[in-house]
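Read from first to last, the chains carry the letters A, B, C, D, E and F; within each, the first residue is number 1.
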Amino acid sequence: MPALRPSPIAPTVDFERDGVQHGFLRLPYSRDDSAWGSVMIPVCVVSNGKGSTALLTGGNHGDEYEGPLALYELARTLDPKSVSGTVIIVPAMNYPAFRAGTRTSPIDKGNMNRSFPGRPDGTVTEKIADYFQRELLPRADLVFDFHSGGKTLDFVPFCAAHTLADKEQEKKAFAAVEAFSAPFSMRMTEIDAVGMYDTAAEEMGKVFATTELGGGGTSRAETVRIARRGILNVLRHAGIVNGAVEKTRTQWLGMPSGDCFAFAEEDGMIETMVDLGEPVEDGQVVARIHPVGRTGQAPLEIRARMSGLLAARHFPGLVKAGDCVSVMAVAVQE
Amino acid sequence: MPALRPSPIAPTVDFERDGVQHGFLRLPYSRDDSAWGSVMIPVCVVSNGKGSTALLTGGNHGDEYEGPLALYELARTLDPKSVSGTVIIVPAMNYPAFRAGTRTSPIDKGNMNRSFPGRPDGTVTEKIADYFQRELLPRADLVFDFHSGGKTLDFVPFCAAHTLADKEQEKKAFAAVEAFSAPFSMRMTEIDAVGMYDTAAEEMGKVFATTELGGGGTSRAETVRIARRGILNVLRHAGIVNGAVEKTRTQWLGMPSGDCFAFAEEDGMIETMVDLGEPVEDGQVVARIHPVGRTGQAPLEIRARMSGLLAARHFPGLVKAGDCVSVMAVAVQE
Amino acid sequence: MPALRPSPIAPTVDFERDGVQHGFLRLPYSRDDSAWGSVMIPVCVVSNGKGSTALLTGGNHGDEYEGPLALYELARTLDPKSVSGTVIIVPAMNYPAFRAGTRTSPIDKGNMNRSFPGRPDGTVTEKIADYFQRELLPRADLVFDFHSGGKTLDFVPFCAAHTLADKEQEKKAFAAVEAFSAPFSMRMTEIDAVGMYDTAAEEMGKVFATTELGGGGTSRAETVRIARRGILNVLRHAGIVNGAVEKTRTQWLGMPSGDCFAFAEEDGMIETMVDLGEPVEDGQVVARIHPVGRTGQAPLEIRARMSGLLAARHFPGLVKAGDCVSVMAVAVQE
Amino acid sequence: MPALRPSPIAPTVDFERDGVQHGFLRLPYSRDDSAWGSVMIPVCVVSNGKGSTALLTGGNHGDEYEGPLALYELARTLDPKSVSGTVIIVPAMNYPAFRAGTRTSPIDKGNMNRSFPGRPDGTVTEKIADYFQRELLPRADLVFDFHSGGKTLDFVPFCAAHTLADKEQEKKAFAAVEAFSAPFSMRMTEIDAVGMYDTAAEEMGKVFATTELGGGGTSRAETVRIARRGILNVLRHAGIVNGAVEKTRTQWLGMPSGDCFAFAEEDGMIETMVDLGEPVEDGQVVARIHPVGRTGQAPLEIRARMSGLLAARHFPGLVKAGDCVSVMAVAVQE
Amino acid sequence: MPALRPSPIAPTVDFERDGVQHGFLRLPYSRDDSAWGSVMIPVCVVSNGKGSTALLTGGNHGDEYEGPLALYELARTLDPKSVSGTVIIVPAMNYPAFRAGTRTSPIDKGNMNRSFPGRPDGTVTEKIADYFQRELLPRADLVFDFHSGGKTLDFVPFCAAHTLADKEQEKKAFAAVEAFSAPFSMRMTEIDAVGMYDTAAEEMGKVFATTELGGGGTSRAETVRIARRGILNVLRHAGIVNGAVEKTRTQWLGMPSGDCFAFAEEDGMIETMVDLGEPVEDGQVVARIHPVGRTGQAPLEIRARMSGLLAARHFPGLVKAGDCVSVMAVAVQE
Amino acid sequence: MPALRPSPIAPTVDFERDGVQHGFLRLPYSRDDSAWGSVMIPVCVVSNGKGSTALLTGGNHGDEYEGPLALYELARTLDPKSVSGTVIIVPAMNYPAFRAGTRTSPIDKGNMNRSFPGRPDGTVTEKIADYFQRELLPRADLVFDFHSGGKTLDFVPFCAAHTLADKEQEKKAFAAVEAFSAPFSMRMTEIDAVGMYDTAAEEMGKVFATTELGGGGTSRAETVRIARRGILNVLRHAGIVNGAVEKTRTQWLGMPSGDCFAFAEEDGMIETMVDLGEPVEDGQVVARIHPVGRTGQAPLEIRARMSGLLAARHFPGLVKAGDCVSVMAVAVQE
């Protein structure tokens, strides 16, 4: 494999300097409406002496807001005097997607979380992934990436980490999740981890945690509060920000098998029969898909294939064949 | 004013016939991808002998789902033997918008609720409005039009009617609202009623009621239950469907002045500081708009100009200058 | 009604001059990509002394080709010495639609044949209609407008005229149709004639004839030959071009009622069960609509409601609810 | 070359099970309007005991209809009791293209027939190709892929196979073509076979045949009958479906050289001077391109460079420089 | 004619108040991406006691920048103490067009300068025009509207006023033009003044002047200096801002007839043979249009039909049939 | 690395034949609107006996016009009798981009000058690059590629060549630049040369020169004269066209470091404070970015980081964060 060319991204901040810096990752992007244009990804570095480095990201998907709301605020308010080590904040990782309010980049339709390890001579999204892969992840000890459901999914609010082959690494990640103190905490087993930022971080041995904190392309006052408290808790837990973790009760969940997921086989108008977090019995109708081309037609029923609670659901009122309709989860002991 | 040409819409149902009919309002629509095409608006008529006529509509705006979910179900399940009179159901009034999942029609960008009285030789949206104005509204005694917030607004769930000059008409409308039994009931004073379906119905002396039952371009199990129970209650209250009204407690609200509404003066990422239905004090910050072009910048604060509760809010995570950010309401006595 | 302002269209030809002129109807059209731009509609005038005036048009719908193929050729080859009177040729009436290969104008989605009498301060399509209404139609004795089925319909080849209240006018029009000598000739009764060019010409007392000569957004060598021979025949019949009419046998058809037309009530893949011109019995399945979302589902059958022959059909392989699927016609005696 | 990751496509049918199964190839496709969405490609398996396996496909290009019309019908009606072996039917191979009515996929503009062998981590079209390459083709003995001209070409109806280096394989393929019994049969020599499904099947040693059965983005009753009879004939010929082949006369054709093809060098309105299947002499004008910007200009003539018959032609009324205008073929002996 | 409904536009400034106010004209605009959205048009009022009122506008067309550059700066820097009377500044009149950088509004394709007198229930552009017509123009004594050539035209820099029937009004307007002191000054005779802002102002008897100060969708340091000095000069000349007019030499020009304008009759690549402001002789080739589909073809020559200087030209490198190619002007005496 | 498949491009000219040939590089391009379509790139070959070969290109970026205007003219007028050797002219290298008037290809958004060495099975742009890389560049001794600023940049007119490791090659290139005799001549040091046509030519040891001759997506009579005289000068200098070089004075410039470039960090309306070619002092404000969302806000100032002259600038009136705002150059001695 030939050596990769250097990243075309030029940061306007110095990752080695103490204090607070607000700057950009400048990525040249020549196009019809700007021959010598660039994508300017905001970045903030808060550093104070020796210590661990946390890399915090939101906007991996551009239509998820609890992360950016927590991280722009943290960047604006974090006092370097309260820090031991370094906090690198990229509140809107897929910045073109974030500005457009879309899951993927409007430039290249790139899904950031399926673009790793990226390419320095690829699409804009791949160039950003490559910069994280080769420049930012190697600097970090702790990596925290905020997600919510975006415009087309809605989740009960949880913090999560993956089951990992390295049980020491897994234990640290679950401890970070516990510190976050979301109402729910999830042990995730990823079926298809190819291209994920999570995987990139975990393969480098980093402590990695993430969230799903709601969805629908909006945020609520309550979920924003969870996000803000949670990320401070994680930084305190890691000893990077001083102060005690604000612990609250969390319910651990798991997704035991592919039977958690139900998919639509018809287009139509969806009716979710239970609300998020409500209990569901095996065999219960969790959703119905109503044909809308004429009145008088029976809806298609979708039934749960296990007992548990409704952890996520399709958000928009219309559904297309192939869409994930519902996700079940079951309570587990940490 | 010259006489209007007849409506180009041809119904495939007979509004005078007893029993259940599922059919279409067929509206010829010639276009590049169908020279002799039509818009096929589903309509259902359930009729049994003499009695009042109710005209029930959803999908006046195409991204609001509690109404269509209640009305497709009602059309499928309403037993004519339980009816005295006639129920005309058009579950997706602006059908092109409903199929697109958009507020306005993808054909002509027409906002149905600003298109009355319509025109038989106008846009597709105006032709539908004209058909309601000249053919359907005159048949009705009771007119019920479902709304929710759609993709860009979210509301506490309420049923509503307008304050009217004709106090007898107003009283009947408020009684229908009371029968609906939503968690909240709203006395609305419309500032700009030009072009509304509401106004068209009220000017013909009809009893008119409407709702706002959530929003965000989705629905919840709970709001769908409110809608289904509510419309049956209204039909029972009107004596068109037999059986007793299922009354539950409702809190009446009012919007005393234009100070209820707050608008954004900057683009940015919005943070709603209180959730829907929560109390707000005069002067309290109800929302903040965060600049996102770089980190380290202070958000713009938007403060309430009265005490009350948060009745509606901007839904998407991004906000544009000019968007309505929040709507306050105050508790009133019926 | 206030006087209309003059047409903004400036012709570069002189309609009163003898000889052959190739020029433009220049219509100013200011837009983002040309502040001082114009639409340049080709026009040809072939004139020789006194005599009647024929106004010949193609491209009323922009995706129909037999007319433009006949008329660009006629404009290029018509010898003024063979003419007595004037032939005005506008081979692509809705020129923006013709250049785009679409039924309606890409500028304003205007269907030229529903835009009469037009407006001098309206859309581009309405301005063209207004110029025909006030400047070109008044010059003409004979008006001939070519149509074919366009991209979404296909017809057996026929020349046609309308049944008219003025039986003298009707007789002249049918005689022109007979002279055209298409394989079929149609007596049309227009159900909804509002806005048509046909109606505009007929209301001025002009002899008006038209065609449907195939479709699908293409042409065939055979249908082009029919068009070329036909238009020369009509001009000879009218005494404007010298020479004898080349008569061939034609079969007269009629469309006795709205039962001629069948419409789709579902989306799907269409299968036309008989080909154009083939005989069909009352009750026979003329088309089937296959659901395509999954295999194993029965098609919807569409049956003829009269005996006759298949005169027209939906062209594209996919069909949408509301599309005209088939048109029946019956043989009649001239 | 590193091992390829497994296909992300999950079938909902079991290719090893006897009987009739209607299901889907579910391909996860995350996008802005469905974070956890999928493409659901209909698949049908009809199996009965031991025997050969036929893999039948339509919709390789999404605007070609004889294949899907034959195959959805076959899937709905094929009685497993008449089968010995297995018939796998994918009536709309490039399903996103088929639903859009376009040659290529609206998702990624992928031309399925230039996407082989595909990639499991590529575009949606490449993922489908990869699934055929690695999962479906290896199961098959006989591979039949339906084509027609699509929206921009029109063909005389023929069944075809390639001349191959392996003469035994070629002989079996030509025998299948002969069994199909289309009006014409074609011996094809592919000039540029890179990326074709044909090539993928042939390189695995499968018996491969294909068709061109018309075009224009529509179908005719006659060509659909040819397709339905033909595919049953091929299955009977292969001993997979019982019953005798319905043989009819076919004319074998060849395309001896690149001189068969003529290309436009100017934009304009095309006039095909002969219809499909008509004889053409060397040097004869087969098409003319008319300039349309003004009247009075001579058309560009395109002449045949061999004698034979017109086998295919450009379909739309407008033509662009570079478009294939006409394809000649010559009669050959099988 | 029925009375017009009130304008839906709500200003956030008080036009009667002394001092400097920066605010908005808020125009409600409901749409798919904001149910309760608005267009927020910036407005600035600088007022000091009694005196005349000047209404200053830029961005009538959204791709012209000298005006907005002069007026945002003036709004930011004008000291009310230097004012006697009132200056109302709307630096971006067609604000949606200005934000999009397009001549017309991206919302409705409205050309502001062809939309007067507007309509309170029309398009967004017509609603803005109506507000100027009924609310702002009546307040003004002096009306100054900045134009440049925009993205598709380029002009020698001039200030201009119309020849008017009221010679007293005309004289005042030409005096304002003289005060502006652009390098050129133009006496304009408008051929088609329907719908113009100019005409709306002049018909109310206001002193109206305008400019063309360059073009191409850009600005130059020099033309911005001309604009800034000029508008201050006009305000000083009117006695609204104190201080002396900075007079410089100006060359008066006229456009004697329609022969000033030359239009393209072919598409192609344009070559302007003389640069702006250079002298041209009658019959001289001012531009050539090169066909680009193949090499070796002669360009079409466009010749001047009068002697004078080149005052304006088509800007983009490609030209379309119907585009204005060049505008000639001749020197006149004031 | 496996051998590359042959280029799919078929030229209709013979590069070995004497005389003048006007033809095409025909590149098959199958797509929804032309199943068997092609891109037809005009090419001209003028050849006369033995001698060097010059390869001349314009339209590498599709919105730059001095090159195409010089080269279509040269192709039309170059007399083979004045030639010794061969001149290959491709006046619009990225022909799809050139026809669209855009920097990059509308087909694949490919920037030709970042697509080398291309791929025979890649995008349309990559296929063109590959043809130059493997077929045209190897034939050439001298390679000249015209550029201007395009729609979004504007330059002082200069001819340029790169500083090269091979000083002999560099010297020949600078001599060609000197012969071109533009007002300015530039010694360029490319920071990121990956994918450039320049690099591809230079790596093969060719003498390579280029230009920037203005910009804004237009041309001026003056810059076209510079281009035409310059390219003849270069060909004369190389001995390929006979006659003497028309030398005029040129000012050599250099860009000493990355400090030449200034980038915007905010969106807004740009004001360039100096015009092209004017002197600038270190620290001087070269541009201001005005916020436009409301009046009364201070512009952002951008200051020069060196003394010199303004060599290039952002062209459109609006600017986005990340756009290059200005480029400084300094006078150097050749």
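We take it that a residue touches a chain if its C-beta (ideal position, glycine included) is under 8 Å from a C-beta of that chain, and two chains touch if they have at least 3 such contacts.
Which chain is which protein? Per UniProt: A, B, C, D, E, F = N-alpha-acetyl diaminobutyric acid deacetylase DoeB.
None of these values were measured; they are calculated from a predicted model.
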| item | value |
| --- | --- |
| Neighbouring chains common to subunit B and subunit D, by label | A, C, E, F |
| Angle (degrees, nearest 5) of the CA superposition of subunit D onto subunit E | 180 |
| Maximum centroid distance from subunit A, chain identifier (CA atoms) | C |
| Remotest chain, subunit D as reference, centres from CA atoms | E |
| Centroid spacing, where centroids are CA-atom means, of subunit A and subunit D in whole angstrom | 43 |
| Centre-of-Cα separation between subunit F and subunit C, whole angstrom | 49 |
| Between subunit C and subunit A, distance of the C-alpha-averaged centres to the nearest whole Å | 58 |
| Multi-chain contact sites of subunit D, meaning residues that touch two or more partners | 24, 40, 63, 265, 293-294, 316, 321 |
| Touching pairs - complete list by chain label | A-B, A-C, A-D, A-F, B-C, B-E, B-F, C-D, C-E, D-E, D-F, E-F |
| Contacting residues of subunit D [partner subunit A, same complex] | 5, 8, 24, 26, 28-40, 121 |
| Partner subunit F, residues of subunit B touching it in the complex | 265-267, 293-294, 321 |
| Touch list for subunit A against partner subunit D, complex | 61, 63, 102-104, 109, 111, 114, 149-153, 192, 194-195, 261, 263, 265, 316, 320-324 |
| Partner subunit B, residues of subunit A touching it in the complex | 20, 22-24, 40, 42-44, 63-65, 68-69, 72-73, 75-76, 89, 91-92, 98-99, 101, 154, 216-222, 224, 269, 271-275, 278, 290, 292-298, 315-318 |
